[in-house]
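Common to both upcoming complexes is chain A, partnered first by chain B, then by chain C.
This part shows the complex of A and B:
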């Protein structure tokens, strides 16, 4: 039922993929396809998929869309902009680049941003040293599926010593098409001492009830940070509850580079987010943060994997979230310190609030340490709102409902506060508060 | 069934055909009467440690059941215990004298198909210890079992079953040793604890099986299944373990917290030196309401030692207001050893509260400097720091054994620091 028909379909669609004449790319796709047909998709017996059952997903039919983008206007997607005068925005609709919705008003001498399909067609040599060099298709079937069908996505190259101030907005939209498969492929390259903020944004248009429509987004991102480069990567995942979202991000960090990731997941039906950071040279630092807000029967699964492969690297992780109704969230954080990675410093924390008695949280923080001069720690908590704190707020005259909302706001706020750009932070806070129905809290409470 | 390979341990394939599954001491008719007759080697080691054994046990007030290879050779204090209605004897005697109890409880905590090694044990076990504490009885002395593997190429597959009836209390200690052998020997035991309403069982292990030599040759493979069942309300099971021996330790003493308000505890020190490997931890399965569990695990790795904590805390949907606190700390001595933590937390009840913390580090230069500056040499300073690191766990042991465990740690540390 599962893998064979899909790979057959892949063969059929592969004629429509860009870069048919690029030998190395075809090679990459074919190897991935072979891996997929040999290994198939993961199942619950795989330790990494223990808590996430994708069987129901595999029983549905999905195909890449070949329809060109439909007639959308700026007004239709305005509510998803980071600000009305965005400097740089690249928009994809159902996996296809949408030039009429994108905006490139940035200083062209600072960085180059193009859709991947175009780079494949015009300058494939640019991609050869990087594309599919970091993300491993053998990791799991979805990674292989994406690699076998590399078509479009983001290509971003920030030049040496450039500090990009405005956030670069990468917007992936899906419209309601049953059986739609979208395989975004992103490549982010930062040269020596370059700095940038990238917002990878997944959203659906028309959130209204559409019956049994079902879509799958299978994204793979690769990032290379050169000496002293600094990237703030924010992923906002707010798709409709008809969309399943499976994504992985592999990051290679060279000497003294700095990577901050914030994953905000509020939407989707089944969500899986992997992030793999490799600290391969001295002094590299990474911070992986996450915020999950799940309700109804949403299922979210977050995997982080930080490899300390060189001495004197630092990593921090803070994943937290709020679960309501029958939702279920999985967190699996793994820190691996290689033999010679002395003076590694790794900290990890995972905190979850459970608001309903039908929720489930599975947390699995792991440390694997093969060096001795290290400082590593992890902590995890799962619980409900603190009675004492509620009592305190109520003794100050807040009603129970408002007191609860205040505490939730404070809890999620801790991770949002870490965003550098204050305008961006406000915009994202607004979305999060809307999702948690907290947007009117200020006016009400602070009278 | 197939042998599992998920643990983070490495060993050569075990040839199950080459193991002797039964071995009895040679003079079966004249079974030794006292402990110092049967274990001179052991006694010497322990004399060095200053541990009361044999006749000295009598003074210390400890009842001992000694299991030698496959059969139980001596049980002391049986009559004194019988006056209180406590049954403490070898498993084979229990089968003869109390078949009803065995039938009622054996295999109810660890079913024979539980895991590969439990199945192996269930198929071949010949002896072990059995203990039953009747209703309302507070066992006045520490009960203790000594396990020893003596014959070469012998596997030991003993079975321990402890039942604490309503309102009773028992504290139980097991010790393990084996002489040096070049080949690896297999130890696959099963321990089942059953605590009924208001009962308390404290189970302590000081494991000092032969760990293999400096190059990792020989040593015991210690693949043990231990599980306690808090069957009644307000019951309490506490596991304490000090693991310094064995080439490979692979065990997860667990608690099924079925009764409301029941309590599970796990205190562990695992020390790996040379090429020793330990993959150990616990499972706390919260089923009843208001159940509480505490996990405190301390791992010390030195040389090429591998040390892993692997634990599961599961809160079932009905376990309202369940509470867990887990702490696992690792200490690394030397740059070729490794420490891992793999905790699993599965929470299905929103009123539960689960906390986990873990740290890994080596001994700070400043700590060492402080000690040296006070005239304490490096080796002694490290021993002091390691003992301080383990203190919370050692405090859970009965007093005399806490002293024993501390000395054992020091012996394992000898030469481990370079």
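This part shows the complex of A and C:
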């Protein structure tokens, strides 16, 4: 694996990419590459990157993995499963599809799930109307880099009127490989009135003792929700603190579709997560929720962008998180209401708990409203645990430490409890509580 | 059980309690009445151990120990309970988990075995029944979205579960309808015995028809200006506080 500094990478494409004979795909890659070499990577002078300095990342050398995954077994990654008998799990190791770790026990008449590289090799026409039609490589260099390097990822197509009950687990694992670049590319298509829960999950194996290992995950996801379709999309980002993670998700929502996103970020060194939903037809609804848990010197930057492009659409946002040590988090919530998007309803809230006085939180709502009949609200709080609440718990006999932990757990629990599937919710709560060192609070009172 | 001597407390350099003397013995019920802003809740908060109050003088002995140097949670574990005038809402913290942690913290402190799930469930059901608390409230976050009356009832429910030695009820009757008032009073009376004591802070004589006090005190401008038997409450209802302040 030969590594190249990111800044030089913009002049080269790897020859190992699938589908080099697919003209339209090559075109897509080349256009992205051109965009990248013209516009380069974002720097701090860009308003959208003001708080996030990627310069150190650009100086490092990265390359896509060219070897298939090593002998991992189910039992090595079991702790990352959503349940022990997952219906449908597609696993990628260092960016490459790992069939031996994946499981496809679902009802095949409900949906089709294939790794993207295989679709490119065998049925590229399936992709042509969608791939790179929603995400815009011009948005920023990482998006372009991903598009220029399209290789593997998720292809999911849920058929008309189907309600998929079990969560579909998309697991991206990285092992400790210095200079590893992973460019996951995900395409999620829901036909009319289809319903599904997708868990896009980023994790590392071997979190400790990795010395100076440095990795970059540059992910792009695109989603199309047709009439009345309903997607619950949960992204869990719990990579090691040696991994930088830059991702964007672009969603197109047709009439009466419903999109719920929950981004849970607990890992990574430098994390940037963009989500862009376009409500292009009447009655579409989206809820964008986020939970960030940062400590040490972690840096996380969340950008949401909701475009109300049609009348009578609703959007809600609840981003919240807990910051400790010297960590720093940015939330930029942008809502754009087009001139014709009358009766839009948009609500946004961002609440952050600071556990140390060396953390920094930058919260910025950005409302651009060009219609006159709209309901928009936003609110943000940043602060310590509430003294009155702490006192109330202590006055009932809880020691300050336990009282604090109850409050933190309660605070993060409010966003987690919005998950509909209770088994999935419990699993994710478990990870979050472990991350917050709250897993020993005895909470199984009635079980 | 409780002996308050010449207690002077200020908040942000403003004197609020100006020399309180009060002794409460096991088995007694005391009522404290007094005009708005006279310092009743301040007294309750100081006894509970809330931060932000400065003791300028005086002392509080609780079962022979110096109460004011104990951390709030220790006071609770030693059997002190305050039903707050304005219970705070705690989003995301489930009632049952919270109560269980509270009870077990106290039991552990007392050297008793912690309740297991079954014991605890039984106690919760029994006490919820006693104070006629809707069990659905127990599935919710602490006080979140509770009505005024539900919050008050929740305080009494917690009191019933924690079985305090000294309970201080700060205007628990305010905002309760007459049926709820009786239920709360029954709950309090069920707790009464020779080993514990209750201080009821109220503006209304009607509560004292149900929880009959041994002694009634009037707190005015940070001092107890009059103490008497139950008939004092009736007199206050009749005449207001003006005649006391004038004297």
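The rule is short, and it goes like this: the second predicted complex is superposed on the first by the 429 of 447 C-alpha atoms of A that agree within 3 Å, B and C clash if a C-alpha of one lies under 4 Å from a C-alpha of the other, contacts with A are read in each partner's own complex, and residues count from 1 in each chain.
Note that contacts are C-beta pairs under 8 Å (C-beta built on N, C-alpha and C of every residue); 3 or more make two chains touch, one makes a residue touch a chain.
The model shown is predicted, which means the values in this text are computed figures rather than measured ones.
Student: Quick check on the superposed pair: does A:397 touch chain B, chain C, both, or neither? Answer first, second, both or neither.
Tutor: second
Student: Between chain B and chain C, whom does A:47 touch in the aligned arrangement: first, second, both, or neither?
Tutor: first
Student: Is A:97 touching the first partner chain B, the second partner chain C, both, or neither of them?
Tutor: In the superposition, A:97 touches no partner, neither chain B nor chain C.
Student: Is A:379 touching the first partner chain B, the second partner chain C, both, or neither of them?
Tutor: After superposition on chain A, A:379 lies in contact with chain B alone.
Student: Which partner does A:142 contact after superposing on A: first (chain B), second (chain C), both, neither?
Tutor: A:142: touches no partner chain.
Student: After lining up the shared chain so the two structures overlap, which partner does A:363 touch, if you call chain B first and chain C second: first, second, both or neither?
Tutor: It touches chain B, and chain C stays clear.
Student: A:355 contacts which: chain B (first), chain C (second), both, neither?
Tutor: first
Student: Can you give me the overlap between the chain B contact set and the chain C contact set on chain A?
Tutor: none
Student: Where on chain A is chain B touching in the complex?
Tutor: So the residues of chain A touching chain B come out as 47, 339, 342, 352, 354-384.
Student: In the complex formed with chain C, which residues of chain A make contact?
Tutor: 386-389, 391-400, 402-403, 406-407, 409-414, 417, 441-447
Student: Given the complex with chain A, which residues does chain B contribute to the contact?
Tutor: Of all residues in chain B, those touching chain A are 6, 8, 317, 330, 332-362.
Student: Using the touch rule from the top, collect the residues of chain C that touch chain A in their complex.
Tutor: Where chain C meets chain A, its residues are 48-51, 71-73, 75-77, 82, 84, 87-88, 90-94, 96-106, 109, 117, 120-121, 141-142, 158, 162.
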